[in-house]
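Next come two complexes built around chain A: one with chain B, the other with chain C.
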Partner chain A sequence: MPEQGGSPAQLAWSRFLARRSSRYGLGMLALIVLTGIYAPFLSNEVALVWWDQDGLRFPLIWDLFNRRSYEKIYDVYFNVLALLLPVLAVVFATLGRRIGVTGRIKIGVASLALVGTFCLLPVFPGHGGRVAVWDHRPFTASGIQEWSALPEAKRPFAVFTPVKHRFDATYPGAILQSPGTMNPVTGGHYWLGTDAGGHDVLTHLFFGARISLTVGLVAAGLSFLIGLVVGAVSGYFGGWVDLVLQRIVEIMMCFPTFILILTVVAMLGRDIFLIMTVIGITSWAGTARLVRGEFLAHAVRDYVTAVEALGLPRWRIMFRHILPNAIAPLLISLTFGIAGSVGAESALAFVGLGDPTAPSWGVLLEQGRENIRYPWLIYTPGLAIFAIVMTLNLLGNNLREAIDPKQRQ
Partner chain B sequence: MTAYIIRRLLLMIPTFIGILIINFAVLRLQGPTLVDQMQAGVGKGGGEGGPGERKAQGAAKDVENYIDRFRRSGLDLPALINLRGFTGRDEVVARLRDSAGDGPNRERPSTRNGIEKDLWLGGPQLVEPLLAVVADDGLATLHAPAALALSYCAYVTVTARDLARMPAQRLNQIQERNERLRNDRIRYTNTAQGFATVDPEATAKRADLLALFAVPGTHAEFTAARATRWSDSLVRTGFCDFMAKLFTAQLYSESRKDYVFSVIADRWYVTFWLNTISIVIAWAGSVLLGIRSARRSGSLEDRVTTSALFLAWSMPSMFFGTLLLYYFCTDTSGSKAWFPNRGLSSDDALWLPTGQYLLDLLWHAFLPLVVLSYNSFTALSRYMRANLLEQLDADYVRSARAKGCGDDAVVYRHAVGNSLITMITLAGGLLADLFSGALIVELIFSIPGLGWLMLDAAIQQDGPLLMGSTVITVSLLLVGILISDLLYAVVDPRIRGRYA
Partner chain C sequence: MNGAKWSLLVLTAVLLVYMAVDRWRQPQQLEKVSESIDRLNRALEDLERTNKDLAEQIARKPAFVPTPPPTVGTAPQTGATSATPVADGKERDGNPKLGVNFLIPYDRSYYHPEWQGGTLKLFYDTPRRLNPLTDNSSVSHAVYEVATDGLCDRPVTHPEQWSESLATQVIISDDYKTYTFVLRRGVKWQRPKIAKQPAFAWLDRDVELTADDFKFAIDLTLDPAVDCPSLRNYYEDIDHAEVVDPYTFRMVWKKKTFNSLSASLGLSPIPRHIYGCAADGSPIAKEKLGVTFNQHWFDELRGVAGVGAYMLDEYVPDKVLRLRRNPDYWGVPYHFDTIEWNLEVKNDDAQLIAFKNGQVHYHGLTPLKYKSEVLDHHEARFAALDQADPKAGRKGELAWERSRRMAFSYLGWNIRNPLFADKRVRKAMSHAFPKDRIISEVFFGLGLPVLTDVAPGSQYENTDLKPYAFDLERAKALLAEAGWKDSDGDGTLDKVVDGNKKDFRFTMIYGAHVAELDSMLLIYKNELRKIGVDMQLKTVEFKEMMRVYEDHDFEALVGSWQTDWDVDYFQLWHSSQAEQQGGSNHCGFINPRVDELAVKLRETFETPARIAIVKELQAIIHEEQPYTFFRSSEGILIWQNRGKAAKEQYLDGVDESLDRLNPLIKTSLRRMYWHFRP
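Entry: the complex of A and B
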C-alpha cells in the first residue's frame, strides 16, 4: 500500500483500515453497538406507531423515558442515545465537510458526555410521561385480544417492533420453550426460545449488548485511568516512588484477579455498577506496566529535557507532552481491556455472582449450564460473548500491527 | 544460583503480604453488615414484655451464638487499632448513660440500642471496667445493664478444637462459669426514663456475679486481656487476630462448620494436579505447534492454524466447557453420554483395581483437562510462533545458516532454545489466569476442588473460607512462579553467569 504523507496517527489509521479484517471488525462492533442502542426498537411490547380515531401516536418513544419501564441508568443512557444518534448523523452529513474529523470527534464526545450528565439528573418521570403507555394495556401487543374484539372500522393501525417481547417481562407458560414457539399473550414468536425464568432469549440477547458495552467501557476506562496515572508517575519520577509502585503492580499481577473480584462481589453485593468498578480497579496492572515503560523511554528524550528546561510543571509535562507521544500503545491495551472486562463480567455472572436484575449474557449462559438440555441457552449467549470478545481482540491485534509496523511480517 | 533463589523468595514476601492485606480489607468491608445482622436478630428475639425489655434467658443463647460467630470469624475486634484495652470505668459509665438516654451525648433511641450492643461485643477487655461498675454501690441504676454486658464480655467461646485439646478441668471451669454468667443476668427495661430493673432476684444475682469474679484466678484471667502498653492497641486487633488464626490454622468456616484448612486439605490437590497437568500439556503442545507453524510461515496451513488459534483464543472457556458438557456428557439428541458429567471418580472407584481406577480417573478428568489446557494453549502457541519467527530473523541464525547448518539444526539447536526462555516466563505469567479458569472448569464439570469450594464460599459469604482458599491458591501460584523462575535460570545462561 503506498503511504502518502500525514501525521503518524493518520498513517497508522490508514494502515489499520487497509486490512479487510479490521473493516469487518469495525462493522461487527458497529452492529453490536447499534443492537445495544436500538434494543428497545428491536424488541418491545409497546407499539412503535399507533393510529386510531384519536390520532397518531408513538407510544414506544414516550416509553423510552419512562423510569418505570427502564429502571437502570445505562438503559436511560442508551435510550437517549438512540434518539440522539440520528440527529448527530444528520448534522454530520450536512455539515461534515466544514467540521472536519477532529471537530466531529469533539462534537461526538461532547454530546455523549452531555447525554451522560443529563441521564444522571432525576428528570425522568416515574410513569409514562404524557401517555401512560405501560399501564395502558391497549398500546401494547399484549392488548391484542382487546382490540381484535372491536369492530373492523374502530380497530387501530399499529406497527410493532420485530420481536414482541419485553425484556423484563415473564410470560405465563413461557419457561424453557423451544425456539419458534408462539407467545399467546403478545402474538409474537420466541425465535430463540425462552429461558428458565420465562424471558425471551432473543430479547435478552439484544438488551445484554447494553450491559456488555457498559461494563466494557466503564471497567476498562477505569482501569485505564488508574493504570495511566500509576504508570506515568512510576515511570516519570523513578526512584523510590517507582520501587513502591512497582511492588504494588507486582502484587496486582500475581493476584488471580478473578478471585479478588469474586471476593469483593461476594462480600459487598451483586450490583452491576459495583461489579464494573471492581473489575476496573483490579485489572490495571498490565496498563500500568505498559505506561511505565513508555514513560521511562520518553523521559530521557530531548523534547522532554527541553520542556523541563522551560520550567513547566511536572503534571503538564507528563500529561500534555509525554502522554500524546505514548498514547498509541495504550489504545491497544484499552481495546484488549474492554474485551477482558466483558469476559470477566460474563464469567462472574456465569458462576452465579452476577447482578440478578441486569440481563447480561453471562446470566443466560449460566442458565444454559444449569439446564444443560436446552442448547439455545448455550449457543445464544455463548456466541454473543464470543463475537464481542473476538471483535475487540481482532481490532486490538490489527491496531497493534498498524501502530507498530515492525511487527508486520 | 542460591543467591538467585533467595532473591526470588524475598521478592515474594511483600507480594504475599500485600495479597493478605488486600484480602483482609475486603473481608472487613463486610464486617459491619454482620454486626447489623446481629443487632437486628437480637432486637427481634428480645422484646417480650414491652418495648426494650431484655428477655434475659431467651435472647441470651442467641447473642452467645452471634458472639461465637464473631470470634470464630475474627470480626469481634476493631480492624487496625484497638483502644478497648484502655477503656476505663468512667467511659463505660458514660456509654451506659448514653444508651439509657441521659448521658452526655443525648443519643436518639435507635442509636442508644446500638451503643448498648456494642458493649456486649466488647470482649474480655471490657470485663474489668464493667465489673467495676457492677461493684460500685453508687451506680445502682446501671447495675443491671452492666451485669448483662459483663456476662457477654466474660463469656468464653469454646471451639471444637478446644473441646478436643483443652484439659477437662479447665473446660469444666469455663463451662460452669459460662453457665453461672447466664443465670446471673438481671432482667431490666430500657425505657425513655432510663434503665429500670424488673428482676426480683436482682440483689442475689449481683452478689453471685461479684462472688464469681472473687474466685482466685478469674479476675486475673481477664485483667491479662487489658492493655498496659500502647503497642497492645496495635497488636490486639482484628488484623493480627485474623492473621494469627490463619497461620495457626484456626480459621473457622461457618458455612461448612469446620476448620477452613481441614476443608481445604481434602480438596486442594485436585486443583493442583489438574492445573499442573494442564499447564504441561498446554506448554508442550503449544511449543510443538508453534515450531510447526513458524517453520511453515506464510503457507496455507500456517494461515489456517493462526486464524483458528485466534478464534479459539477469543472463545471464552465457559462457552467451550458448556458446549462440551452438552455434547459429550449429556444423553440428549439421540446420543448417549460419552463422558461423566460430575466428579473425578465413579462412586465405586475405590474398589476398582489400580489399572481400572486410573482409567476411570482419566475418563473423568479428560474433558476438564481439555478445557483447562485450551485457554493457555491458544495464548502460548501464538506467542511461540511469533517469538520463533523473531528468532529466525536474528543475526545469529543467519550466521548459523551461513556456516552451513541444516534447517533442522538451525531451528532446534539454535532458535528454539532461545524461544523457550520467553515461553517459560509466559507460562509463569499465565498461572494466575489458569487458577481463575480452574474455577469455571470445576463449576462446569462439578469437580470438588479448590475453585468450586471458593465459589461456594463466595455465594455463602463465608469470609474465612474465602481467605483460606485464596491463601492456598496464591501460595500454589507463587510456588509455580518460583519454579518458572528456576527453570528460567536453568535455561538462560546469562542468569547462571550473573549469580555464579
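Entry: the complex of A and C
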C-alpha cells in the first residue's frame, strides 16, 4: 500500500486502522466503555422520563448524583461522565476543525480532570445524599402495581430503562433465580438470571464494566507512571544509578507478582482501591526496563547532546525531549498493562479476594465457582472478561505492528 | 563439509537423547511439583486448623470440655454394687441434689443387637496431635468422645441432666463444694496397638481403671507446664482432688460454683500407666510430668488410650483415622464395628461429590448448597421439600434433614459508641431488621428466629418475651424520640452531639467469605436507608475478626456464639467482662441487676431456681437490646439412605433409618442435640 504524507503518528494511525481486526477491536472497546458509562441508563428502577399532572421530569438524571446509592467514587465519576460525554460531543461537532486533534485531546483531558476534581470536592451535590431520588419511591418501576389502580387519565407516562432492576436493590426471593424469571417488584425480567446475592446478572455485568475499566486504567496507569520514572532515571543517568535501579527492577521481576498481590491483599483487606494500587505497584518492572532501553538509546543522540549544551534542566530533557520520542512503544505496553490488570483483578476475585462491595466481573465469576450448578454465573462474566482482555490484547498487538517501522512494507 | 554434517548429526542425536530423557523425567518433575503443592496445601490447612481452634476458644467455653459420650439409662453393672444410702430411685432424675446419688441409672435401650456391625465413614480434618488435654481440635475431641468415657454422662435426649458412666454414684456435699464418686469396678484400659512391639511389651498387660487415673488427669490439668490454658481455666476454682481408695475419688472445690458440676461430673481419666511413664516403662518424676506431657512419646507414636467403646486401629495423617470396637468394653457398645474418618478430602465441593459417590455415610449442607441440591433439585436422589412433612427428606435415595445446632448469631451494637448508647436506638435497629424475610430468603428457611441467647425449646427459654417486629415506622419514631432527625433534608438522620452535628452513619463489620452474610446485610442496609440510617459494610478475615472481638474495636458487628447446656450469663454479660481486654462482653453492656443475677446464677444449682434467674436475665437483656438477636444456627444433615438391597454394597451396615446413627452423630457433634428430640 503506497503511503501518503503526514506525520509519523498519522501514518501509524492509518496503518492501524487499515486492519479490520483493529476496527472491530475499537468497536468492541467502545461498546464496553459506553456500557460502563451508561450502565445506569441501561439498567435501573428509576424512570428516565416521568410525565404526570405535575409536569415533565427526568428522575434518573437526578438520581445519578445520589451518593447514598452510588457510594464508590468511580461510580460517581462515570455518572458525571455519562452527562459530560454528550456535551463534549456537541462541542467537538460545532467547533469542528477549528480546534484540531490536539485541541480535542486537550479539551477532553481537561474536562475529565475537571470532572474528577469536581467529584472529589465537597461542593459535589451528591455528598451526603442530598438528592436521594430512589428512596422516594414515586418515580420508580416499583410503583407499577399502584398505578394500575389509578384511573386512566391520572396514570403517569413513564419511560424506563431497558432492564428494570436497580443495581443496589435487594428484591424479595431473588437469590439464584434462573434466566427469564420475573422480578415481582418492578415487573422486569432477569434475562441472565440472578446471583447468590440476589442481584440481576445483566445489571451486574453493566456495572461490573465500570469496575473492570477503572481497575484496568488505574492499576496500569500507576504501574506505567512508576515504570516511566524509574526507567527514565535509570536509562538517562546510567552508571551506579542504573546499576542500583536495575537490581531493584530485577528483585521486582523475580518476585512472583500474583503471589505477592495475593499476600498483600489478604493482609490489608479486600478494598477495590487497595487492590488496584497493589496491582499497580507490583507490575511496573517490565515498563521500567522498556523505558530504560529507549532512554539509553536516545541519551547518546545528537539532539540530546545539543539540549544538554544549552543547559536545560535534566528533568526537562528527560520528559520534554526524550520522552515524546520514546513514547510509542510505551503506549503499547500500557495497552497490555490494562488487559493484564483486568485479568489480575478477576483472578484475585476468583480466588475469593475480591471486594464484595464492588461487584466486578471477577466477583461474579467466583460466585459461579462456588455455585457450580448455576452456569449463567460462569458463562456471563467469563465471556465478558474474555472479551475485554482479548480486545485490549488485539489492539495492543495491532498498535505495535502499526508503530514499529520494521513492520513497514 | 563432512565435519559440519557429522556435527549436525551428533547434535541431532544429543537433542533426541535429551528429549527422551526429558520425557522420562517429566512424570517425576510433575510428581515433585504436585508434592510441593501438597506441602503448600498442608501448610494452608494447618493455618486453617489453627483458625478453627481459635474459633473454638472464643466460643463461650473452653473448647475441650471433658464431657464423655452420652448414654441413657440402665445396663450391666460390671462388678460394682451401688451402696447409695438413700437411693430409692426417685432421686435419680439426673438433676443435681445434695447428699443423694441423683444419677440416672445406666441405660442403653437404644441398642439393638440386630443392628450391630458395619463401618461408619465420615469426613474430618487431620488433628495436629492426638492428646486428650493439649489438643483442642474438634477431631481430637471426637476421637476421645468415643475412645474414652467420663465419670458421668449427659443423656442424649436430656443433655442438661446426668447419668451414670464410669461412676456409679456421686454424692455432693458441703454445699456443692465436695463431690465424692464411687467408681465402676473391673473397667480395663485399652491395650494400645504398639504393645505388640517388643520395645513396648511392658504395655501388654491388663490395667484396671482406678481413682488414681482421675487424680492424674486433675494434676496434669492444673500443672502450669501443661499446654492447656483454656481447659485449666475451667478448673481454676478447684481446691484439691484426692484418692480415698482405688474406687472412690473425691474433688473439693474452693467455692460454690455451678461450673464445678460439669467440670467434676464430666471428668475423663488419663492413663497414668502410659502418660506417667517414659518410653521404656520407667516412671517419670512428678516435677517433670508436665513438661514431658506436652511432647509425650505416646503422642509421637500417634497412640490413643481410653476406656471407651472404640480403640484406635489405624491413623495416617491426611489419609485415614480408623477406630474399631473395643472387645473389652465395660458397657453396652455402639452399633458400628468400625468408624472411619476420611482425612483426605478437604475441599467442601469435593466432599459433597465424595458423599454422593458413597465414600462417606453422612455429611452436611450449607444453606446455599441446600438451595442448589435440594430446593432447586439439582441432585435427583434427594427428596423434594414438602412443607407438610418435616421428615420428607428421608424418602430420597440420599436423605436430608434439618438439624439445629447450639449456636446463635446476632448483630452486636457497641454501647460505648455514643451512637448506640441509647437503648431506643438499639431497639430501632432491631425493629428495622427484617429477621423473618432474611431467614426465609437468604437462609432458605434454615434457623429459628431467636429473642435471647437461650436455645429455643430449652427449659430455660423465656417464652413471654415479645419480639421486636419488623416495623420501619416504629423504628423511625424511636430514633426521633432519641433525637435523631433529618434536619438538613439530606436523607440521613442527624443529631447535635457535643455541639457538633453528627450523621447517623456506622460501619458493620462481619466475617469474609460467607455469601449469606453479604446478602443479609445488603437487605438490612437497604431497609436502614429508608429510615435515614447509613450503614457501611466491611468484611474482615478471621484473624482480624478475633482482634475486633478482643479489643472491642467496632461500631457494630455480626457475631455468633456457641452455647452450652449449662447456661451462664457471666461471660457474655457481666460488667467485668466488658472492661477487661479480651472479655467476651464486647458490646460493653453494663447493668447492675444483670451483674448480680449472673453471679447468683453461678452459685445456684437447683434447676427451678436457675430457670427463674435465667428468665429474669433474658427479660432484662431483651429490654436493653445490646444485641439484635438473629437466628439459632441450623444446617442440613445428609446421609446415605439406599434400600436394603444395596445395603451390603454401599452402606456397610448403616440402615436406612437415621435413628441408628443417632447416638454416634450426637457424640461427634454434641451440640446438635435437639435434632433427636422426639
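Note that in this section the second predicted complex is superposed on the first by the 396 of 409 C-alpha atoms of A that agree within 3 Å, B and C clash if a C-alpha of one lies under 4 Å from a C-alpha of the other, contacts with A are read in each partner's own complex, and residues count from 1 in each chain.
Simple rule for what comes next: contacts are C-beta pairs under 8 Å (C-beta built on N, C-alpha and C of every residue); 3 or more make two chains touch, one makes a residue touch a chain.
A quick note: this is a predicted structure, and the numbers were derived from the prediction, not measured.
> Scan A:Gly352 for contacts with chain B and chain C and give back first, second, both or neither.
Once the two structures are laid over each other on A, A:Gly352 reaches both partners.
> After the superposition on A, what does A:Ala328 contact: first (chain B), second (chain C), both or neither?
In the superposed model, A:Ala328 contacts neither chain B nor chain C.
> Per the contact definition in the header, classify A:Leu112: touching chain B only (first), chain C only (second), both, or neither.
After superposition on chain A, A:Leu112 lies in contact with neither partner.
> A:Leu48 in the overlay: touching chain B, chain C, both, or neither? Say first, second, both or neither.
neither
> Of chain B and chain C, which one touches more residues of chain A?
The partner with more contacted residues on chain A is B.
> Is A:Leu29 contacted by the first partner chain B, the second partner chain C, both or neither?
In the superposed model, A:Leu29 contacts neither chain B nor chain C.
> After superposition on the shared chain, which partner residues are touched by A:Asn371: those of chain B (first), chain C (second), both, or neither?
second
> Output check: A:Thr263 vs chain B and chain C. Expected answer is one of first, second, both, neither. What do you get?
Touch status of A:Thr263: first partner only.
> Looking at the overlay, does A:Leu85 come into contact with chain B only (first), chain C only (second), both, or neither?
neither
> With the touch criterion stated at the top, can you tell me which chain A residues are shared between the chain B interface and the chain C interface?
In chain A, positions 266, 352, 372-373 sit in both the chain B and chain C interfaces.
> Using the touch rule from the top, collect the residues of chain A that touch chain C in their complex.
Touch list, chain A to chain C: 68, 71, 128-130, 132, 135, 168-170, 172-176, 196-198, 266, 269-270, 352, 356-357, 367, 370-374.
> Spell out the residues on chain A that touch chain B in their complex, using ranges where they run on.
247-248, 250-251, 253-260, 262-268, 339, 343, 346-347, 350-353, 362, 365, 368-369, 372-373, 375, 378, 381-383, 385-386, 389-390, 393-394, 397, 407, 409
> Residue numbers of chain B touching chain A in their complex, please.
For chain B paired with chain A, touching residues are 11, 14-15, 18-19, 22-23, 26-27, 29-30, 297-298, 310-311, 313-316, 318-319, 322-323, 325-326, 329-330, 332, 341, 386, 389, 429, 432-433, 435-436, 439-440, 443-444, 454-455, 457-459, 461, 463, 466, 470, 473-474, 477-478, 481.
> What residues on chain C touch chain A, complex-wise?
For this pair, the touching residues of chain C are 349, 368, 371-373, 376, 378, 437, 441-442, 488-492, 503, 512-513, 515, 518-519, 522-523, 526, 529-530, 534, 536-537, 539-541, 544.
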